[in-house]
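The structure appears right after this line, and notes come after that.
Chain nomenclature is as follows: A, B, C, D, E and F, assigned in order of appearance, with residue numbering initiated at 1 for each chain independently.
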Amino acid sequence: MELDIKLIDDNGKRMDGRSAEELRKIKIEAGVLHRADGSCYLEWGGNKVFAAVYGPREAIPRHTQNPLRAIVSARYNMAAFSVEDRKRPGPDRRSREISKVISEALEKVVLTEQFPRSAIDVNIEVLDAEAGTRCAGLTAAGVALADAGIPMKDIPVACAAGKIAGQIVIDLGKEEDNFGDADLPVAISPRTDEILLLQMDGHLTVEEFNKALDLAIKGCHKASEIQKKAIMDKYQSVKGAE
Amino acid sequence: MSIVPIIKRDYISKLAEQGKRIDGRRFDEFRKIEIETTVVNKAEGSARVKIGNTQVLAGIKMDVGEPYSDSPESGVLTTAAELIPLASPDFEAGPPREDAIELARVVDRGVRESEVVELDKLCLEPGEKVWIVFIDIHILDYDGNLFDAASLASLAALSTTIVPATRLEVGEDYQLPLKEPPISCTSVKFDNFVVIDPSLDEEEIADARLTVATDKNGDIRAMQKGLNGSFTKEEIQKVIRASLDNGREIKKQLSECTGK
Amino acid sequence: MELDIKLIDDNGKRMDGRSAEELRKIKIEAGVLHRADGSCYLEWGGNKVFAAVYGPREAIPRHTQNPLRAIVSARYNMAAFSVEDRKRPGPDRRSREISKVISEALEKVVLTEQFPRSAIDVNIEVLDAEAGTRCAGLTAAGVALADAGIPMKDIPVACAAGKIAGQIVIDLGKEEDNFGDADLPVAISPRTDEILLLQMDGHLTVEEFNKALDLAIKGCHKASEIQKKAIMDKYQSVKGAE
Amino acid sequence: MSIVPIIKRDYISKLAEQGKRIDGRRFDEFRKIEIETTVVNKAEGSARVKIGNTQVLAGIKMDVGEPYSDSPESGVLTTAAELIPLASPDFEAGPPREDAIELARVVDRGVRESEVVELDKLCLEPGEKVWIVFIDIHILDYDGNLFDAASLASLAALSTTIVPATRLEVGEDYQLPLKEPPISCTSVKFDNFVVIDPSLDEEEIADARLTVATDKNGDIRAMQKGLNGSFTKEEIQKVIRASLDNGREIKKQLSECTGK
Amino acid sequence: MELDIKLIDDNGKRMDGRSAEELRKIKIEAGVLHRADGSCYLEWGGNKVFAAVYGPREAIPRHTQNPLRAIVSARYNMAAFSVEDRKRPGPDRRSREISKVISEALEKVVLTEQFPRSAIDVNIEVLDAEAGTRCAGLTAAGVALADAGIPMKDIPVACAAGKIAGQIVIDLGKEEDNFGDADLPVAISPRTDEILLLQMDGHLTVEEFNKALDLAIKGCHKASEIQKKAIMDKYQSVKGAE
Amino acid sequence: MSIVPIIKRDYISKLAEQGKRIDGRRFDEFRKIEIETTVVNKAEGSARVKIGNTQVLAGIKMDVGEPYSDSPESGVLTTAAELIPLASPDFEAGPPREDAIELARVVDRGVRESEVVELDKLCLEPGEKVWIVFIDIHILDYDGNLFDAASLASLAALSTTIVPATRLEVGEDYQLPLKEPPISCTSVKFDNFVVIDPSLDEEEIADARLTVATDKNGDIRAMQKGLNGSFTKEEIQKVIRASLDNGREIKKQLSECTGK
């Protein structure tokens, strides 16, 4: 499966020059959309993602309401032009599964019991996709939720680790995802390291898995710092504008 | 079907009687327009357009496919618009509804009927293989006047589109061949006032809408009236004049931005 | 684009022998369906169209109700066999757009505030299509609304003008539509000449546009006379039957 | 699921006890049938059938396409029915529901199983190109007994169909090859009365429905029982007899009208 | 149409060795599913069918309720792998028609007026299909309804007759269905012989039809005996377990 | 979204505090598993798996078709699951919902990523003709833990699949080439208790779910966390250990049953 592609060179560098524990470049901006209650624009390597939050508002139709708490619905969507071969617009099985696991991860940290019968809608739009969009999307969603002032126990954050050319590395890039041995996207609540999302494809020994999980959590913490800075910047720019 | 508070309508109408708009513009004045091209990498061409707070992203993808049987030597153009819930609490996920369909069709006709994309230059093998051009429009932020923002974003994206011939192994990459694009300007009417480039507040109280696409010669290339109000002939002529004036300015800005 | 087709001959006649300002033959019959509250059968050149009106009746489901007025919903549908190459049954993007602009045009003339929370449904079935079906359909719908006794300010009517072979002409036929330079369908309220529907495709100077608009309005008035006669005939035949 | 006023049911039942129907017909009597062919131009064949106030239009389109892999030398027949909201306040727009599906399938089987259309004569190139026959049924006005009206309109439309070989550049136009069609007659049962060709009022109170298609030899070619009531064997035999009698008359009228 | 296939041999035997009035082997087991209120597993020749009944329970959404009686909804579904060439999952036109005629047949025998505003759902899953699945499914549904304790006037049962090689025979097999001359599926209420379902495709004289109808009814009675035995066995095994 | 009576949750939690489960199992103990293969005839392979009262049937169909353009020498695998209303009063007819999609995708990944089916041996003509393997999963009876039942049924069905080369006229029938399959084991967490192979009662009160597929070497081949609760790292390691232990036993049972 690895063909002639050399995912790690003789100096231990990955194809894009990163070391095993180095994240791709992450850029986060909070509060970028006018209409949404909270929003975020995020670039993570070649991924470009918007997230927008609406709510809490009354859940409609009524039969979707939970009398005890708010429902958090994430909707992950890829633009038709976000991938090499145009994707047909609208949800497919993959995006619906991702929407489900992201919704579940976010619901854990939102203080949903404060808003019975309500809906909190999180829209994630992937405009450019280059491996790791679910982690990028969830991380953007965390910032948008904070920007919307939704009460949360913590700001959720995600990062993947994986195995390429026999080594455990963080945050797989496109070729690493295609030709690597395993991918392990993880989302956590960074205050407690509780694991909110976890999926694994590929082949890892238990020992490798433990190492990869630790590395992914480490990546989550790094991304978390960038999230916090973005939220702070937005807050200060608003204060500054006052 | 939201019922706009009567108080808002009254307020906007009263201002209009004094010749004013809520954001301080003249009746025939557009909001500030920003055009940014090549904003995404996977697309063959892309552009983000802001008109005030309204923000639209258009991306172009190209593929090789079969021509329509009634135009075997012509490329194929297809336009889709999604009113994704990211952009407004009133947009719903799911298959496109009437509003999104009208938007996509008006943008599509604007591009197609004025022959902006030179489809006859996109034939690879007559009757067998031609280029297919996909315009996909994503509304990111909705504060009124989607028609003009979507149309302008599509034109700007097309202007920067590189035909991916290398990737699809049918030759060398080259610039998508384009003609001069007409510029679409939309006005709405409420009470008896007609204003161009409506903001969301103005759209919500509007009775009638008229989109006019004009070209650099000052000719009309497409029109679309919408909403359940009416226009008089005189009002239509006024709208055409304002569309010509603003269209000229917007064309200039588009040319500067895309270098064409 | 004009190939060898000569849309206007040396005597100024069009392919079907009409002059520039001459409409195709229009035949209208009101009250042709038993079940509908109001109905109309219309032939306009080669177009054959039925329209049927149901309502006003309570709008369902409830959330579609407007507490202040009736909703007018037109549904324009083309029979699978109405065109040269069979059309797949059911609505497509084109028919949904036409349904929308016709609904909006009709709503302007119906006294909707008399029927809060109600629905007035207008069904337009195109059985034979030969250029100008939206104008034919809207004109038929106007008669069906009148036949149903729906209170209206005026009976809406439509007609197109366009440009072929460099000339502005009324009511484009099939080849004229395919090979002409511009098409301008217009609907008006004939008492006031208010414009209810207007679309334009093609290429017109401002001067040409003004001429075409005037011509389309003239055509609307001619069609309006035929509408009124059809309604009168129906009324008299009912009176006669008494 | 409308709840028919008990008063109407009572009225119709009382009349039936006296051997009468609300429109004055005998139990085994059809309403007046009108058949008009070639009513639309774009279709290869068409017919409008009225049975009383019920009005149905069937149109035939033909195209060239691939045969099914299990019958490579045979043309393809496909039937669709739309219960369009033009015809009744109870019909809804949208994808066909159970009623429309049953209607289309019963008409389709009536045509297919009795081999009315000689599909084996519609092969152009074995395994590659055959004629496809599309029957599209539009209900225009609904006053009961759609099955018979739709079936008769389809047969009349097929009888006047010209294979458009010239247009599709596969030879000369010719008459669609047909065999003798069976005629479908529908009866319903309410209380213990069985009546043929039910009007809408009678359909609305009916417990059971039985459609029987018979041919000129007096043989049975298709049957379909519907609704949540039952028939005894004797009732079924009575329905068959009435279907044979009326079928013969309708066949005569169809032949006169189509000249076959 | 009959090609070289000899549906009846010189000794009057059919391809699978049956005589004209002989049914395929029928095996019925009641109460086979844990979750359903009533269930049945049925093998009829090569057909393998499950039926499960849920209800009576409140019909939702509300607007589907009938204030006077329960609605019986049968859903006939074929597994993708139940036929030679894989069938796309989900309902098609054929299965929707069969669902409709089975629903109507069952509704006649259920004492629906005892459960106003309720729904009784009957799910029929065909896992192996080999001619006669609608009769097999309806027969299984009858057992599942009885197993669920739904009050009925009678246990409905179905069987087909048909014509092959010029003869009227019972219960067509696969080749007989494909190459035969007529098929007549029939469902009855066995106590009264009232006919609940009847469809006919093919070509029969009136005399042949009468003979086939009698034969189908005879087959229904035979299948009815096997139904009763299955219900009795289930009842006794439950009693025995007490 | 059913609101489980608090009383049931309390009851199950109280038992758990005493180290017990409602059906008497240990926390790390599976219910009894039954595997039966070749249960339907029309399928190329099939299996019925029971885990306690949960019952799932998987059927395999194969066809000849085109490969994906990015893997021209590889067969195609596709997995679909239907949560049919036969199996539970909570399952609805209609297009698959999120739950069914996640189930199908997790089973699909389990089979695909671990390369159980040797797709590279299913090529007939590179780029033109390959075998397509359809896995269709029918839930017959739902009492919790569909993931493991569906996955095991799929593996057992694949193990008994005969490639129908004769029927499709591309050679002789042969056994579908397979590698060692990984075994999927699912645990759920409620309060702070983690139990394997949850019954429906346990699933209904569960906060978080974790599925782990392990192979005979004790390696991890797939994982999927679900539901809106969280796991600690320690809990995950505990789940992995229990999955390894149970997976080994289940693998043994699968081998005995399929003779592989």
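Everything that follows uses one rule, which is that contacts are C-beta pairs under 8 Å (C-beta built on N, C-alpha and C of every residue); 3 or more make two chains touch, one makes a residue touch a chain.
Computed from a prediction, not measured in an experiment: that's the story for all the values here.
Chains that touch both chain A and chain F are absent from this assembly. Between the contact lists of chain A and chain E, the overlap consists of F. Centre-to-centre separation of chain C and chain E, using mean CA positions: 52 Å.
Rounded to whole angstrom units, the spacing between the C-alpha centres of chain B and chain D is 48. Taking the mean of the C-alpha atoms as each chain's centre, chain B and chain E sit 58 Å apart.
The residues of chain F never reach two or more other chains; the list is empty. Contact with two or more other chains is made by no residue of chain C. Here the chains link up into one ring; start at chain D, go to chain E, and the full order comes out as D, E, F, A, B, C.
On the side of chain F, the complex with chain E involves touching residues 39-44, 46, 53, 55, 57, 59-61, 63, 80, 82, 84-89, 93, 95, 134, 136, 138, 140-143, 167. Within the complex formed with chain A, the chain F residues making contact are 1, 3, 98, 101-102, 104-105, 109, 113-114, 210, 217-233, 236-237, 240, 244.
Note for the complex: chain E touches chain D at residues 64, 66-68, 93-94, 96-97, 99-101, 103-105, 107-108, 184, 189, 193-206, 209-210, 213, 217. Considering their complex, residues 33-36, 46, 48, 50-52, 54, 57, 75, 77, 79-86, 89-91, 121, 123, 125, 127-130 of chain E touch chain F.
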